[in-house]
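Let me begin by handing over the structure; questions about it come next.
As written, the chains take the letters A, B, C and D, and residue 1 is the first residue of each chain.
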Amino acid sequence: MIQLFNVRKSYGGVAPALLDITFSVKKGEFIFLTGPSGAGKTTLLKILYRTEKYDRGQVLVHGMNIGKIPDRKLYTLRREIGFVFQDYKLLAKKSVFENVAFAQEVIGADKKRIRFKTWEALKNVGLTHKKDSYPPELSGGEQQRVAIARALVNSPKIILADEPTGNLDPEISLEILKLFEHAKKRGVTVVFATHDQEMIRSRKHRVVVIKRGKLVAP
Amino acid sequence: MIQLFNVRKSYGGVAPALLDITFSVKKGEFIFLTGPSGAGKTTLLKILYRTEKYDRGQVLVHGMNIGKIPDRKLYTLRREIGFVFQDYKLLAKKSVFENVAFAQEVIGADKKRIRFKTWEALKNVGLTHKKDSYPPELSGGEQQRVAIARALVNSPKIILADEPTGNLDPEISLEILKLFEHAKKRGVTVVFATHDQEMIRSRKHRVVVIKRGKLVAP
Amino acid sequence: MTTSAHTTISNIKTNLQVFLISVATITVAFSILGLFLVVFVNLNSFLTTWSKQVQLIVYLKDDISQNQRQGLEQLISANSDVESMTFIPRETAWANFKNTFSSNKSDFIDDLTFNPLPSSYNLKFKPSNDRFIKIHRFADLLKGRKGVESLEYGEKWLGAFEKFMLFIRIFLLAVGGLLTLGLILIISNTIKLSFYSRQEEIELMLLIGATPNFIRVPFMMEGMLQGLLGGIFALALIKFLQLYVKIQFQGSLESIARGMEFQFISQPFIFGLLASSVLIGWVGSFISIRQFLSPAHKK
Amino acid sequence: MTTSAHTTISNIKTNLQVFLISVATITVAFSILGLFLVVFVNLNSFLTTWSKQVQLIVYLKDDISQNQRQGLEQLISANSDVESMTFIPRETAWANFKNTFSSNKSDFIDDLTFNPLPSSYNLKFKPSNDRFIKIHRFADLLKGRKGVESLEYGEKWLGAFEKFMLFIRIFLLAVGGLLTLGLILIISNTIKLSFYSRQEEIELMLLIGATPNFIRVPFMMEGMLQGLLGGIFALALIKFLQLYVKIQFQGSLESIARGMEFQFISQPFIFGLLASSVLIGWVGSFISIRQFLSPAHKK
């Protein structure tokens, strides 16, 4: 359950990046977040993940007021959320397998489970054959899929995906989308930011559109 | 004019990344390069730019056999080509303006010209208002447009664009596409790699499709 | 704990080059500091040994009165810099003199049947940096006293030598201070740079839900390991140099070391060096990691 | 050229922190090396001054024959280690002796009417590291000769002292070698690390059509500037230390320095230090940049 009330965020430039955003996503809901380049999609997702602070308003995630979480406790919020970063954020010095396993090590999962879950996550994005490659040796789309696998491997309760199919061909995009929809069926809340209008039209999920930091009707 | 004869490239994995590719692009032609994730599009473009070597075959760019260019002379090839990198390759410590100006400084352009051309390039991609921002402060799509501006600023004779609209909304994508088509009208050869089937269908350019390193009929 | 150790090892493996560079830098740093300490300690003990031999000898007139002698003795006891005072009667002095000269020159002195030498007080002074100046000043004071025939304080070279050693000592201290300062700068830079190479990783860990301790512990362990390894290699290097010097200059060394202990690597020295290397590794990583974990740190 | 200078400056501005860290490291490194050289040069000249005073004195029997004397003189001239030989007739010796003793003890010697002292040869030896050993060996050779009464070579302390100085000299050389090695390691690391922070930029320049020289020149200029600044700061630091020592130990210094020149900062020293700092900066950046520009370098 995600709730935003009058959230405003300015990076100090002329126009604020987000302007009095109010909306909510129910538990187990799947929504598309769309809008032109620079509209504030990433900013919105970052606020939910607390990698950016907001200037005004209230943000509740699972009933927690995330503005009140002290920095040293941030990990409790982040362990609830799987985030697909727009720029992937893969570690170049770790192999694909290690990159995905790393997300589980970091939250203290046990070894046997890590092997199994990592393999499963890589299978879901169709990358088991690349498990020993390093990110710089992957194509753009392959890197993106590793980022997706890492976000999903811990079975988070919320998934925030920032244009996760931007570098993927339509076929694989559809498969990835189905992966997220499958998670939704298990009760996971999904916010899926995308520019792909075809994809948005082809599925029947709620669409949230922002333009220049404001919510607009789709 | 770009000509490839039986080009083969293997990164050492099980299957080669490119398998006996033969095709040519005429001077002033615009082609779409498409294919699934990991098909070898980026590899093909990198070979044309000589950031990857090929194992077999012949590659001619403007009649030059690029396999024969010594490393210390590579800059002569690269000054002919504007390359939009799939991962942008912007310098985080330079502002948007400096990033675009840098491409001209590097080839020894004179100062006054640099100011003017940089401004023009940023205007073309709609980013003059962000000229003093640094890349980490930009949205994904804004970064992509800076990369495009940098590739075009030196008025290259060939443009190799690696999914230049992956992070852009449909409207801006169309504008960027028009920018490339405009260049084509001035006699520039353009190779435009993309996953966007809608875009490919909507324009009447030749389409080259590769799948698992092989050319296939579109 | 096991996980942390495991993470530490895999961290080191991933960034082996930076790790080795750091260890090498710390090794060199500590070798220099260690050798420096060795030189300093030995030079210092050498100085102390030599300077014990500096005495102020007060020769008395043959016709000195009991009163004058008492006044002199009081004056000497009142000087808190004087460590000991020995009275040498003229008979003893003459015996010593004859002993010295009859041994290696000619024996004309044995032919003398009267004693031409005076009695004297031999004063030893407490060790201190300006001892020589103090002796000089006290000698000036005594010079004018009645009953004092003349004064002698060691051969001239001993004074000059002591001053030179004082100068060297201060010089070495200055160099040592600078060296320590430099080492701290270099080590903290090395550790900071090794952290820069990890910045991405640390930031990602924070992003994907690691607890601060999960991040902190392996880095601190790595820092301490780095310091410890550097310390051990430095000790090995110093030991090696000691062996080399011993083998090359066995003879010379023995004749110099006679009556004087050369302190190359003592137990406290080893412990001190190892402890401070671990400490520096710990402090260095602690400071650097704080920088990254603090909320003020810009992403 | 102007463009390169411009690029250099803007490069430095962009990576100011790394640049300053490098300059600081080089400063400390050169300060230590410089101070070390100062200590070494002075200690060395001190040793040379002192060791000039070591002589081998050969006392002759009063009844030595002309033949025996000639034999002795031939033997001495044949020894290539002997720098000079002075004959001191017994009359001169006696005059010197009286002079020494009548001054500060008693005047019984003046009462003597005969000359008890022998003639002697005073031999000076050429400076060399094992001079003392050579003197000792030569003395053993002469001891058995007819006509030689006895031998004396300096006070005992002078031999011990010379050995000690020899030992210190070797020790300092070892430390100095290690220091230089360490400095090269540290400086090349610093420059390499400063290049790592630029790796992205250099690679991008190559990618977008810069000529190798366009990339190379500003980096080399930066490296040289870094070295030069480090050298200048190091000189300033050494000069500052010199002034401090002068002010604090004016008195002591003067009395030691009497008859001996203290070489703190000489012209060649300044030029040498500055030149080598620029050179190290140049070599460091040359090596690092080659790594990046070479085709073997992995992207």
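Rule of thumb we're sticking to: a residue touches a chain if its C-beta (ideal position, glycine included) is under 8 Å from a C-beta of that chain, and two chains touch if they have at least 3 such contacts.
Just so you know, these numbers come straight off a predicted model, no measurement behind them.
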item: Chain located farthest away, centre of subunit D as origin (C-alpha); value: A
item: Rounded Å distance, subunit B centre to subunit D centre (Cα mean); value: 62
item: Rounded Å distance between subunit B and subunit C, as computed from the means of their C-alpha atoms; value: 66
item: Distance between the centres, which are taken as Cα means, of subunit B and subunit A, whole angstrom; value: 29
item: Contacts with two or more other chains, residues of subunit A listed in rising order; value: none
item: Set of subunit D residues in contact with two or more other chains; value: 299
item: Chain-level touch network, classified as line, ring, star, complete or other; value: ring
item: Chain-chain contacts as defined at top; value: A-B, A-C, B-D, C-D
item: Residues of subunit D that touch subunit B when the two form their complex; value: 3, 7, 14-15, 200-201, 204-212, 214, 295, 299
item: Of all residues in subunit A, those that touch subunit C in their complex; value: 49, 51, 71-72, 74-75, 78-79, 83, 89, 91, 93-94, 102-103, 105-108, 150
item: Subunit C - residues contacting subunit D, complex; value: 21, 24-25, 28-29, 31-32, 35-36, 39, 43, 46, 59, 104-106, 108-109, 112, 114, 116-118, 133, 150, 152, 155, 160-161, 163-164, 166-168, 170-172, 174-175, 178-179, 181-182, 185-186, 189-190, 193, 196-197, 237, 241, 244-245, 248-249, 252-253, 255-256
item: Residues on subunit B engaged by subunit A in the complex (per definition of touch); value: 11, 14, 34-39, 41-42, 86-87, 129, 137-142, 144-145, 162-163, 166-173, 195, 197-198
